[in-house]
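One structure follows; several queries about it will come next.
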Amino acid sequence: MSTQPHPPGGLFDGPVHLYAVRVYYEDTDLSGVTYHANYLRWFERARSDVLRLLKIDQRAAIEAGTGAYAVADMALKYLRPAKLDDDIVIRTYCTDIRAASVKMSQHALRGEDVLCTASLRIGFVAPDGRPRRQPEKWCDAFKTVLTEEMSQ
Amino acid sequence: MSTQPHPPGGLFDGPVHLYAVRVYYEDTDLSGVTYHANYLRWFERARSDVLRLLKIDQRAAIEAGTGAYAVADMALKYLRPAKLDDDIVIRTYCTDIRAASVKMSQHALRGEDVLCTASLRIGFVAPDGRPRRQPEKWCDAFKTVLTEEMSQ
Amino acid sequence: MSTQPHPPGGLFDGPVHLYAVRVYYEDTDLSGVTYHANYLRWFERARSDVLRLLKIDQRAAIEAGTGAYAVADMALKYLRPAKLDDDIVIRTYCTDIRAASVKMSQHALRGEDVLCTASLRIGFVAPDGRPRRQPEKWCDAFKTVLTEEMSQ
Amino acid sequence: MSTQPHPPGGLFDGPVHLYAVRVYYEDTDLSGVTYHANYLRWFERARSDVLRLLKIDQRAAIEAGTGAYAVADMALKYLRPAKLDDDIVIRTYCTDIRAASVKMSQHALRGEDVLCTASLRIGFVAPDGRPRRQPEKWCDAFKTVLTEEMSQ
């Protein structure tokens, strides 16, 4: 029997990335459900896992002074609340890849229920904050999972 | 000389609410600038201050089981990064008031520079999560500061 | 091949609970390493997982108005920093069980390196904030994993 | 009439620094009161304000690669909960100054009630994470507000 806990980690189901989170105390507020800003933390964990699986080593790029991804814009819809201990799956997929940015859609689901959706664009930025072309290898990596916009 | 620190608090300049925040360690991430989700915390502090000045006692409404405001949707643009110790002003104004929701625009500014903008709708929801008409007195309070959409 | 992502979850290795976290952007600050308060969020996730495995349904207890656990005191030592993408294991064990409180030790490890340690006491509190005896069944559940204080 | 909101800011009352925070949604969890880790964020804001008033420019030191302060250890006691909209004052004072570290006490108060106390040591660390002597000018600055440990 294994005595190693699973590190958090998602997987690709075709072009769609799936990542599981559980709702903890830290995620809730006094209304009893997940605080609206915390979905952004979940979505970002899922995107970091996408990078990890695509072998995009963002930490090395930051340490080398090459640059990092930053959210450029984001449209959110809050449809249903998430409660303590809920098991949530974050679905993420890429719908457009440009020289310096990637467009993604993300959904937070509890079973079949969509709780929150995000449509966003992340841009690659140099340490001075200016947009920069992302490394070509990374562009190619994103292209392996590029797909069309889907209904939920 | 006063030995009481100012509690954080904003004010209305006509229909526009102004609220000051400073960038602390907790707000930044390893890229050296404010983590994108943390603007949502700043915007929410400013909206709470709007309620306070309009005499909308949300804590009493929650404790009485009447309901609470929740973000229904939100569109964000990230234009420039905010750095440690920056003094930021959040501008907030209401552009539409319905029976069960209020539409607002919020901008985070450093001096004249717009760092981040949000356009959002908050809905009043019953404790069971369903939309509910907001108290008429609160509707009236919001109407005293209703204004048109502005360019930044 | 499974297309379901693992939900985060720990396990007991004897009386010691192990729970894995990964360091994400949200956890870091501009110094490039994990913000000190965020270890408390990781430790709390691990404690929630302890409750889950011991079949202590805290959400039901909150919704029934019985009470909830709250941290009463905590002593922290920060030994080494945690960096983006690090795989961290949280070790948790119970060293004392009283009528209304439980004492625990928690360590955050990266491989063999201890990054942060916490010694803490959680108390069961009624909805009005007063200490309350924890349900006897829960006391018994904690006793199944009671152990002595260990060196790291 | 001023149309500029006050930026958050504290003041020294003799050697004791006072800093005001208000409890917002983001600070609470589903138990209805402030999430335990969030006191650390408030304490850190107050310490940042201490540095600001003592003319210790930590951002410049980080950007110059000199180093930064990091929490080395911390002992917390949670005495009473803080609720939404509560006005809290953080009292901070320095009780010991060494070559590479400073010891501080911090209390969160609501009126006369002590909600949470912290006793902590911050260490100056080089970018590689190793302890480093703090700049002598900064040592001197801290010494201007050095005081003895007080009862609450």
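Letters A, B, C and D mark the chains as written, and numbering starts fresh at 1 in each.
One rule holds in what follows: contacts are C-beta pairs under 8 Å (C-beta built on N, C-alpha and C of every residue); 3 or more make two chains touch, one makes a residue touch a chain.
Owing to the predicted nature of the structure, the values given are computational and were not obtained by experimental measurement.
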Centroid-based (C-alpha) most distant chain relative to chain D: A
Centroid spacing, where centroids are CA-atom means, of chain A and chain C in whole angstrom: 26
Rounded to the nearest whole Å, what is the centre-to-centre distance of chain A and chain D, using the mean of the C-alpha atoms as each centre? 33
Where in chain B do residues touch at least two different other chains? 25-26, 30-33, 37, 41, 44, 62, 84
Take each protein chain as a node, join two nodes whenever their chains touch, and name the resulting shape: line, ring, star, complete or other. complete
Hey, which residues of chain C end up touching chain A in the complex? 2-11, 13, 18-22, 24-26, 41, 44-45, 48, 52, 58-59, 62, 83-85, 87, 89
Contact set on chain D toward chain A in their complex: 25-26, 28-33, 35, 37, 84
Quick check on the complex: what are the chain C residues that touch chain D? 30-33, 36-38, 40-41, 44, 62, 68, 70-78, 80-81, 127, 129
